[in-house]
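Consider the two complexes below, in which chain A is the common component and chain B and chain C are the respective partners.
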Partner chain A sequence: MDNFSHDVLIIGGGGAGLRAAIAVAEINPKLNVAVISKVYPMRSHTVSAEGGAAAVIKPDDSLDHHAYDTISGGDWLCDQDAVEAFVNEAPKEMLQLEHWGCPWSRQDDGTIAVRPFGGMKIERTWFASDKTGFHMLHTLYQTSLKYDPIQRYDEWFVTKLIVDDGRCQGAVAIELATGQVQAIAAKSVVICTGGCGKVFPFTTNANIKTGDGMALAYRAGVPLKDMEFIQYHPTGLPFTGILITEATRAEGGYMLNKDGYRYLQDYDLGTPQTEPVLRSMELGPRDRLSQAFVKEMEKGNTLEGLYGQFVHLDIRHLGEKKINAKLPFVRELCLKYENIDPVNEMIPVRPVVHYMMGGIHTDINGATPLPGLYAAGETACVSINGANRLGSNSLTELLVFGARVGSVAAEFASNQSDYTFDMAYESITEENHIKNQFFKEKKNQERIADIRKEMHKTMEEGCGIYRTENSLLASQNILTDLKERFSHVAIDDHSRTFNTELVAALELSNLLDLAESIVQSALSRKESRGSHQRTDYEKRDDENYLAHSLAYQEKDNKPRIEYLPVTITKWPPGERVYGR
Partner chain B sequence: MVSKITLEVFRYRPDQETQPSFDSYEVPCEKDWVILDALNYIKDQIDGTLSYRWSCRMGVCGSCGMMVNGEPVLTCATFLNKFLPGPVKIEPLEHFPVVRDLIIEMSDFIGKLQKVKPWIVRKEEKSLEDGEYIQTPEQLGDYKQYSMCINCMLCYSACPVYGLEPEFVGPAVIALAQRYNLDSRDQGKGEREEILSQDDGIWQCTFVGECSEVCPENVDPAGAIQRYKVAATNNWWKSLLMPWGKSE
Partner chain C sequence: MDLTLKIWRQPNANSKGEFKSYQVKEISPDTSFLEMLDILNEDLLHNGEDPVHFDHDCREGICGTCSMFINGRPHGPQRGITTCQLHMRSFKDGDNITIEPWRAKPFPVIKDLVVDRSSFERIIQAGGYISIGTGGVPDANEIPIPRRIANEAMDAAACIGCGACVAACKNASAMLFVSAKVSHLALLPQGQAESKERVENMVAQMDKEGFGSCTNTGACSAECPKEISLEHIARLNREYFFAKQSSENVPVGDQVHEG
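Up next, the complex of A and B:
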């Protein structure tokens, strides 16, 4: 590690990054693989995933069912070859995690238990009570410790990719503890940096989810795919945005408006039954449920709270025993953060930004158009998630595509010669660049927090659940202005030791670039599909937009948008039918 | 009118000062705020140089442990208004070297995690084609509690032994070893016990149980240590009776 040169460099130590690192170490133990992460790996946001991870194991289920649920859930924007590979490899990957010790919940006979999730025909969600992501991440982290070739750079923040001789050959990063800026060489580089929910103010995403990897790739000339598709989860706690998992509805929870009425029946999602029905009502897909909330709000059927409008999620009828057995974390979160006990009280909820369907453009193996650069996990867009991700597909995606990308990155690295750039030069240039950008006295000095707040506001107002040309254009103008103002940001903290203000500034600069790509992609797509709803173009338009958007960064100009046709194998575009 | 509260925050910037000090900040005491919200308010509105770790703000990533009025807590899971009228003293977790402000040096802990082989050890691996290892809900229950640790290290700050004896592997790491020892899929108990047996700290643990008291996840590391001691004593007797026998 002293010479900062590796065969494979993985940026990100969440579920995708750790799975990829293990894949490299298993495929070729001679390769030297490094994982670099801005937080200790077990702090990565995979830790917060609650509900579960999908893979077919029940005898009455089939790979085709899983594929169809995924594709219809994604409003036909998924690449079907990728979905087929995904559903096919999912069960094996989940079992692998079982063999590594993941404490999956079990049936009485000791076999794996599964639960239903939204948009699913047959239950296939594996779960570790309601801390699935936590257990998966810790299992992967702990298992990764047994592989000697895996080296780690913990609490290093990557600021730039190094592209030389037409291929990606490494990255520059800041060691947070010392402030050292250091170029790191690698024969292949894999980005696994997670999503960018922090573009928005109200989100289930952690503070670290600032889409850094997307911005790194974007600036290196790699396009971002389908950025306009942003998933709102229908059930977040007001104020904190803490997620109340879909599993609460899968176990039988009801969504109620201010009159105690199960309003989803008015939105073509089926008729209410006492017991949960798959692909119906509360178990419809997330985009449709979040949209129904907005309509209810417009009708005046929601409740007014301190932090805006909300509805109720009611699980009281499940009883204390079931809640404790299946949803202990939900109860804990409500008690700890909302001061209510869901055993006796209804949970206030509202839609909350949750997940990025879009991300770095990759092929089915995680390769980007830039040789030597790969991506997997939420930061990547393969795409299996299309216009709306099916709940519990993401955790599985980390494993399937983490493993895939690990193996192709290992293979690529095995056939590459050493790096060709000058390590000292790259390090010093980036250090100077950072100093010039943030450490100088400036006229009209701006604060990070102010710019961030305005970005949040304009993204929520202009680019939320429903969008129009006017709202998007307004956001576009404000973002241009904010980017200008960002050049006047100067930070108070000039220390080299753990400069978290510098980190926040770098993250904000990433968020601004991503916000711009989101708005531009949303403006270009003149149709409504899945989570992208344009009130000025209300219909899905397969003739013109059965295609992925690709956003390219342009110097001193707005992003350029191109389109790439969706790959269809077995499932021609059809109507999304839920509850009937 | 929202009431105000004063936070007295530990500051230490090694490139500027040799001695730590305290800075006072007055912040609004909003009803739904946790301590971490107040720190974020300071960082965003008053003093951008204040440094601390945080991420999930939902009590599961384990980043945000600090001493609040002398108690180790997760600052994202501790309401601010509990401390009215104030002031509230915020310090870095005790028993760890300070890197800067509220950020402690944790590589010692990270190293110890790895030391106890926290992964499934098997003489023979089952192939994936043969499906899952059968594990009944009762067998899962045997270790489940010990698998809930979020590595927040509050227990290390509470542990009197670790305070005196930094070599001690400490509560969370012993709980982690037990998590694997008690897992029906694992066969590495012997290896882990050999590692733990070299640690004198365990025998100095008086079972006062401060660690379990501060644990936000009810992992009960004190219980894990106690169970380990009983098992180790039994194995010691066995090894006297069968000198060449390996403890299983």
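Up next, the complex of A and C:
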């Protein structure tokens, strides 16, 4: 690692990044792979996924069923060739993980257990108790340790991609423990940096989900695809935004308004039954459930709490035994964070920002338009998630597209000559750039926390579950203003070891760029589809918008939107039907 | 509530550390322990002082990053939780709270409350994975795993690698962590083929990293936020014993780790 030159550089050590690294090492053991991560890989956000990962395994299921659920769930914005590849390779990847030691939950007869999930017609979500992401990440992590060619840069923060001679050739990063700024060369670079929930105030995403990789690619000229599609999960705890997994509803939980009424029946999601029914009521797709919450709130049917409006998720009727067996972590979270016991109390919940359907524009193998640059995982948009991701498709996506991207990045790297840029020059230039940007005394000095707070406010108000031209224009203006104010940010903390303030500033600068691309994409899409709901354009408009938006960063740093047609193979656009 | 905090401050790995006292005021009992430290840090930053460095990430008890020795106990006074799951309601108005990093030779302090736990990683690197049969993938349903065994493996796999077991142990033994890792793989059929080498290599690495020996006091399991059971240590010892017995080159006088 002394000379900071590798064959493949993977930015991100979550599920997607580690799966990609293993794929490279298995395909060509001669290649030297580096995994760089701003936190220890095991702390990546994949660790907190609870519910499970979808793949066809049971005899009554079929690949076509999984594909159809995914495509209709995504309101026909998914590329169907990508979805077909995804559902096809999913079971193989899940079994592979089993062989690496992932302790999938089992049925009494010893076979793999599956659970139902929202928007899925057949039960196909594999799980490892309710710590699926944790067990998957640990399995990948422990497996990655056996490959000597995989080197790690833990707690290094990437600030810039290096593009030279028309291809991506590496990245510049800060070693957080020492403050050293260092260029790292590679023949191919894979971005696996996860989502950007932190553009919004209420989110299930941890603090590290600041979309850094999306911003890196965007600034290097790569378009961001479908950024207007933001998933709200219908059941987050108020205030903390901690997620109560969908499995809670799959096991039979009810959503109740202030009158104890299962209000989802009023929103074309089916009629209430005692037992959970697939693709119906509480097991409808997330976008529709979150939208129903807003409508209930407008009708005055929600409850008022310390931290805003909420409804109830009721699992008391499941009984203590079932709750302990199937949802121990949910009980643990409620006890620890809300001081309530779901065995005899109802859980207060509200929609919270959860997942980015959009991301770095890639093809079906994870290649971006910039030669040498690849992306996979939540940061990428292939797209299999369309306008609304189905719960439990994401973890599987990390495996399928992590493996795919690893193999193409390995192949590209095998056929490249060495890097052509000057390593010392790149390192020093970036270091000076950071110093000039943040370490100088400034007139009218601004605080990071203030700007972040205002960004959060305007994104929630202007670009939330429902949007209009006016709300979006207002957000656009505020963001322009905030970006100007950001140039007055100066950092008080000048220490070199673990300068958390510097990291916060760099992350905020990424978030601001992403917020702008989200708002611009939402403004341009004059229709309602999946998670993108415009009250001024209430219908889906396939004639004009059966297309992916692509946001390019222009010279003046503003986004420009273009469109790319959706790939349709077998399933022509139709109505999304749930519960009937 | 108002509190006095006595916090270990150490600028870097090579410097000598010391305790410093801080006051925090009007903290609500509903704030979490880490939020309370966030509040302190905002004050410190505001006064131009270096904020207290501590590890944290998920704040949901899953990632294993948070690691503080609070009033003499890893992860504080409550059982079965991590520091990030601790709330101020576990303390009283006017309390003095002492906050230290994990103290163990194999976990050197990097800064303040942040320690380097890469020794755990090297132990896993020594064998905590399955390397055979990664080529072709037969159907998982062809090797059915009885639910009881699957559950036990799952319990072992719940270890978050936080290191509280080491911090709790007067000998700084890593037996609970290592036994959880060994147990998880030893229980699964796909992990059995390599179980002999695995246990030998991981135990050897644990010794090499300078972790102490296990004298079976059970402090580790009592302080483990995931309540990993001592049974896993017994299983490790069994595995280790049989592995050593069947090894040809048992060094004379090599100790069996006590359960």
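Here is the rule we go by: the second predicted complex is superposed on the first by the 579 of 580 C-alpha atoms of A that agree within 3 Å, B and C clash if a C-alpha of one lies under 4 Å from a C-alpha of the other, contacts with A are read in each partner's own complex, and residues count from 1 in each chain.
Throughout what follows, a residue touches a chain if its C-beta (ideal position, glycine included) is under 8 Å from a C-beta of that chain, and two chains touch if they have at least 3 such contacts.
Computed from a predicted model, the values in this text were never measured in an experiment.
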item	value
Touched partner set for A:M281, first chain B, second chain C, both or neither	neither
Which of chain B and chain C A:I448 touches, first, second, both or neither	first
First (chain B), second (chain C), both or neither touched by A:N499	first
Touching partner for A:D108 - first (chain B), second (chain C), both, neither	both
Chain B versus chain C as contact partner of A:E26, first or second or both or neither	second
Common interface positions of chain A, toward chain B and toward chain C	39-40, 42-43, 45, 47-48, 92, 95-96, 98-101, 103-112, 131, 134-135, 138, 142-143, 145-146, 177, 206-208, 242, 332-333, 336-337, 492-493, 495, 497-498, 500-501
Chain A residues touching chain B - in the complex, by the definition given at the top	39-40, 42-45, 47-48, 92, 95-96, 98-101, 103-112, 131, 134-135, 138, 142-143, 145-146, 154, 177, 206-208, 239-240, 242, 306, 332-333, 336-337, 447-449, 491-493, 495-501
Complex interface listing, chain A residues touching chain C	26, 39-40, 42-43, 45, 47-48, 57, 92, 94-96, 98-101, 103-112, 128-129, 131, 134-135, 138, 142-143, 145-146, 177, 206-208, 242, 332-333, 336-337, 339, 492-493, 495, 497-498, 500-501
Footprint of chain A on chain C - complex, ascending	11-12, 30, 45, 48, 50-51, 53, 57-65, 81, 85, 87, 110-111, 114, 121, 124-125, 128-131, 133-134, 137-141, 144-147, 150, 153-154, 157-158, 160-161, 184-185, 188, 190-191
In the complex with chain A, residue positions of chain B that touch it	13-16, 32, 43-45, 47-49, 51-63, 77, 99-101, 103, 106-107, 110, 113-114, 117-120, 125-126, 128, 131-137, 139-140, 143-144, 147-151, 176, 180, 183, 185-186
